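Two complexes, one shared chain (subunit A), two partners (subunit B, subunit C).
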Partner chain A sequence: MGKRIAITGGKGGTGKSTIATAVAVELAENNRVLLVDADVDCPNDHLILGIKRNKVKDIFQPIPKINKKKCKKCGRCAEVCRESAIVQVKGEFPVIIPDQCIGCSACMIACPFGAIEKDKKKIGIVYNGSLKKNLDYFSAETELGVEEESPIINALKKEVERVEKEYDYVLFDTSPGTHCNVISALQGCEEAYSVTEPTPLGEHDGELSLKLLDKLKISFKIILNKSGIGDRKIIENLEKKYKTEIITDVPYSKSIIENYSKGIPIEGRSIKKFAEELTRGEVEK
Partner chain B sequence: MKKENIINQEKMKIAVSSTGKDIEDEVDSRFGRCPYFLVVEAKKDEGISDVKVIENTTSEQMSGAGITAGQIISNEKPDAVITVNIGPKALQVLGKFGIEIYFAKGNIRQAVEDLIEGKLEKVS
Partner chain C sequence: MSDIKYLTILSGKGGTGKTTVSSNLAVLFARKRKIVGADCDADAPNFGLSFGIKENDFSDWQEVQTNEKAVLDESKCAGCKKCLEVCNFGAISWNEKINKPEFNSMLCEGCGACELVCPNGAIKLVKINNGKIASVKTDYGFSLASGQLNIGATGSGKVVTLIKEKASKMAQNEGANLVLSDSAAGVGCPVIASIQGSDFIVAVTEPTPSGFSDLERVLGTVEHFRIPYGVIINRYDLNFQFTKKIEDFLKKNKIPLLGKLPYDKKFIKSLINMKPAVIEYPELTEKFEKILKKIKDNI
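Here is the complex of A and B:
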């Protein structure tokens, strides 16, 4: 079974995907690696690595459908719907607003007449691909306008579960921040690496990420990207406050950004150090 | 299915997004989050006969205000709605109940009179 490792972080554009793809390539030298792009809003690890992705399947979410033969227009379904996705006007059949429905199915349970049937709406797509021997890729992408993304991550994780025994490492590259889809991606990971940068934004957003990891009881360490700019001390303060460790400094350099723009993953001592950290053993908190 | 011209019907029931509780207030620019709705009954050549004020309880709702507002209005079973802007969710609700939507700005009395005289263009 592949060891699940999360590459996460609070701030967008801080380098999670840059570092996740780089360490995936480095690890794949001697290990079987599955890179999972769980940034389902904007998955782009395949662009960084030049992977052609293939569609695996559509992701559907249940939505209610009223059986007008059984419905007694009692309005119970609209009452229990916390998303206001069902509108009930006196004397009329309830009306479903599919865009608003998050698929919780409460209406189906609450209906006293069994008048609500299961329909479905498409909320995303699962993709896979492969860069080279030992490095495969999975991701999912949200349909436009879908607000609730945890079901998309969970569908992605289900696909990952089917194949993860074939790998030594499963790297989850999460969305930035601390909201539901990040939490869903982190759940089940044995350890997490929070990427941040030595700037006030990196400090603020980075701390949110650490707080979340603490709350989820996932052991974590910090990766400092864009090292050399800003002020390293502010991240060292976080290191002390959360009794953790900055395991590697990825330098801020023009060549990294040039390579990134060409779709070439970064390499070098800092990434090797991260890979060594991953292969060495458990992260201690 | 499409009613060719509801204007010539007997009496029309018209719901308006309003900045206040009075017929002389203005059409509020937002449908879902306006503070009040006025439900007005009016007939061509006879003018306005009844005004009912409904407080819009959705104005502080985090999301889905358009749906709740659509529900509040659909419950009144109006023939038409007058507003300035309407979001996609409210539009879906009103559409499902066959309520027509007209855009107008400014004084509500004037907007209602324009509607019953057939001067407003139907949006949906």
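Here is the complex of A and C:
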């Protein structure tokens, strides 16, 4: 069974995907690796690695459809909908606003006349792909304008569950921040690495990420990216406060970002160190 | 009736320079007209930090309740599993030992489906504190509304909506006619909440494959709401070829290019010193003034 490891972080642009893709390539030298791009808002791992994505399936969520023959215009559906996705003017048929609907089905349960049928709307797509022997890829992408993303992550995780026993490591690259799609991606991961940068913004958002991991009871460590641009001490303070460790410092240079802009994955000592950290645990077991 | 304009800065990809653009534009706008800033990234709020404002500098933190969570009254539960079947968010699991459901509050959307389906009235939805909002005066002649989603809480978009409402009220009280919002990364619920009600959107991108791909996604989201927008290419000199590619894309789709900003360590130093770049390095002012003028022409 593949060990599920999350690469996450509070602030955007600190290098989650850069580091997740780099360590996936490094680990795949000697292990079977599945890279899961769980940043369903803006998946980029395939762009960084030049992986051609294949569509696995569309993801749907249920939405209500009013059966006008059965509907008695009682307004109960609009009353129970907490997302304001159903509007009803007295004496008229209710109107459904698909953009607002999160697919909870509360209206269908509440309707006393069985007048609400299940329709569906497409909310995303699951993709897979492969870079080379030992390095496969899964991802999902949200349809634009869809707000409720946990069902998309859950659909992605279901696909991953189907194949993960074939891998030694399953790396989950999450969205930045602490909201629901990050939480959904983190749940089920055995350990997490929070990527941050030594700036006041990296410190602030990095701490939020660590607090979330603490709350989810996932063991975590810190990866310090863009090392050298600011003050390492502020991240060392987090290291002490959360009794964790900075396992590697990824240096910052204009050449790294120039390479990134050309789609060349980073490599080097700092990434090797991260890969060693991930594999060392296995040896101890 | 006041005529307040809403300007929102976003990017899709994180770290392309939203907050840098927002803070510098805010300072320059505030020299010319009365504005209010809004930090619409309740997940990881940084707008205040770019002005040197930390959490404790806000004096009026107010808890907000935008979400509800399902809570079980075990004494009424008959163990029928109907709630388990109906939850579309994986928030209910079954505890075989006691034959009762268990609710994962972090996954619960507070939709109420389980409450409705329960034949015994054993499930109630209760309001929970899921965030807080506050305001502060910056050192640069304008006020800022901000907020913070509680750790592990859901409802990021709804907290953003409250921050925007607060900023709007502040603008009315202070006689400001512009609310400038710094949005979260991505295209999900907090970003959609930031976009809604905006008069003009500024999307910040960078000349990288990820920056470009995410720009297209976030612009697609903006189009969904039919709001006019323009684009800033940040660090354009990192890859001239790719910058050209983005410029061609903008031209082809008749999207206004509001300006290009260079890669400059001064921006990083400004973030570290928590002062907008145009304050620390006035020589950068001209670049932002040009962008500001183009935005003004559009709103």
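Keep this in mind: the second predicted complex is superposed on the first by the 281 of 285 C-alpha atoms of A that agree within 3 Å, B and C clash if a C-alpha of one lies under 4 Å from a C-alpha of the other, contacts with A are read in each partner's own complex, and residues count from 1 in each chain.
The criterion applied here is as follows: a contact is a pair of C-beta atoms (placed from the backbone, for glycine too) under 8 Å apart; a residue touches a chain by one contact, two chains touch by 3 or more.
Source: prediction; values computed, not measured.
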> Which partner does A:S139 contact after superposing on A: first (subunit B), second (subunit C), both, neither?
Replying inline: neither
> Regarding the shared-chain residue A:T244, is it in contact with subunit B (first), subunit C (second), both, or neither?
Replying inline: neither
>> Quick check on the superposed pair: does A:L201 touch subunit B, subunit C, both, or neither? Answer first, second, both or neither.
In response: second
>> In this superposition, which partner touches a larger number of subunit A residues, subunit B or subunit C?
In response: C
> Which holds for A:V95: it touches subunit B only (first), subunit C only (second), both, or neither?
Replying inline: first
> Is A:S84 touching the first partner subunit B, the second partner subunit C, both, or neither of them?
Replying inline: first
>> On the A-aligned overlay, A:N31 touches which partner chain: subunit B = first, subunit C = second, or both, or neither?
In response: neither
>> Contacts for A:S270 in the overlay, against subunit B (first) and subunit C (second): which applies, first, second, both or neither?
In response: neither
> Counting only touches as set out at the top, which of subunit B and subunit C does A:S105 meet: first, second, both, neither?
Replying inline: second
> Is there a shared patch on subunit A that both subunit B and subunit C touch, and which residues make it up?
Replying inline: 83
>> If we count contacts the way the header does, which residues on subunit C are in touch with subunit A in the complex?
In response: 11-16, 19, 41, 43-46, 49-50, 68, 86, 88-90, 106-107, 109-113, 116-117, 149, 151-152, 154, 156-157, 184-192, 206-210, 213-214, 217-218, 220-221, 224, 235, 238-239, 242, 263, 268, 271-272, 274
>> Which residues of subunit A touch subunit B once you look at their complex with the stated criterion?
In response: 78, 83-85, 87-90, 92, 95, 97, 99-100
>> Using the touch definition from the top, list the residues of subunit A that touch subunit C in their complex.
In response: 10-14, 17, 39-42, 44, 47-48, 61-62, 80, 82-83, 102-106, 109-110, 142, 144-151, 154, 175-184, 187, 199-201, 204-205, 208, 211-212, 215-216, 229-231, 254, 257-258, 260-263
> Of all residues in subunit B, which touch subunit A in the complex?
Replying inline: 64, 67-68, 70-71, 74-75, 77, 88-89, 92-93, 96-97
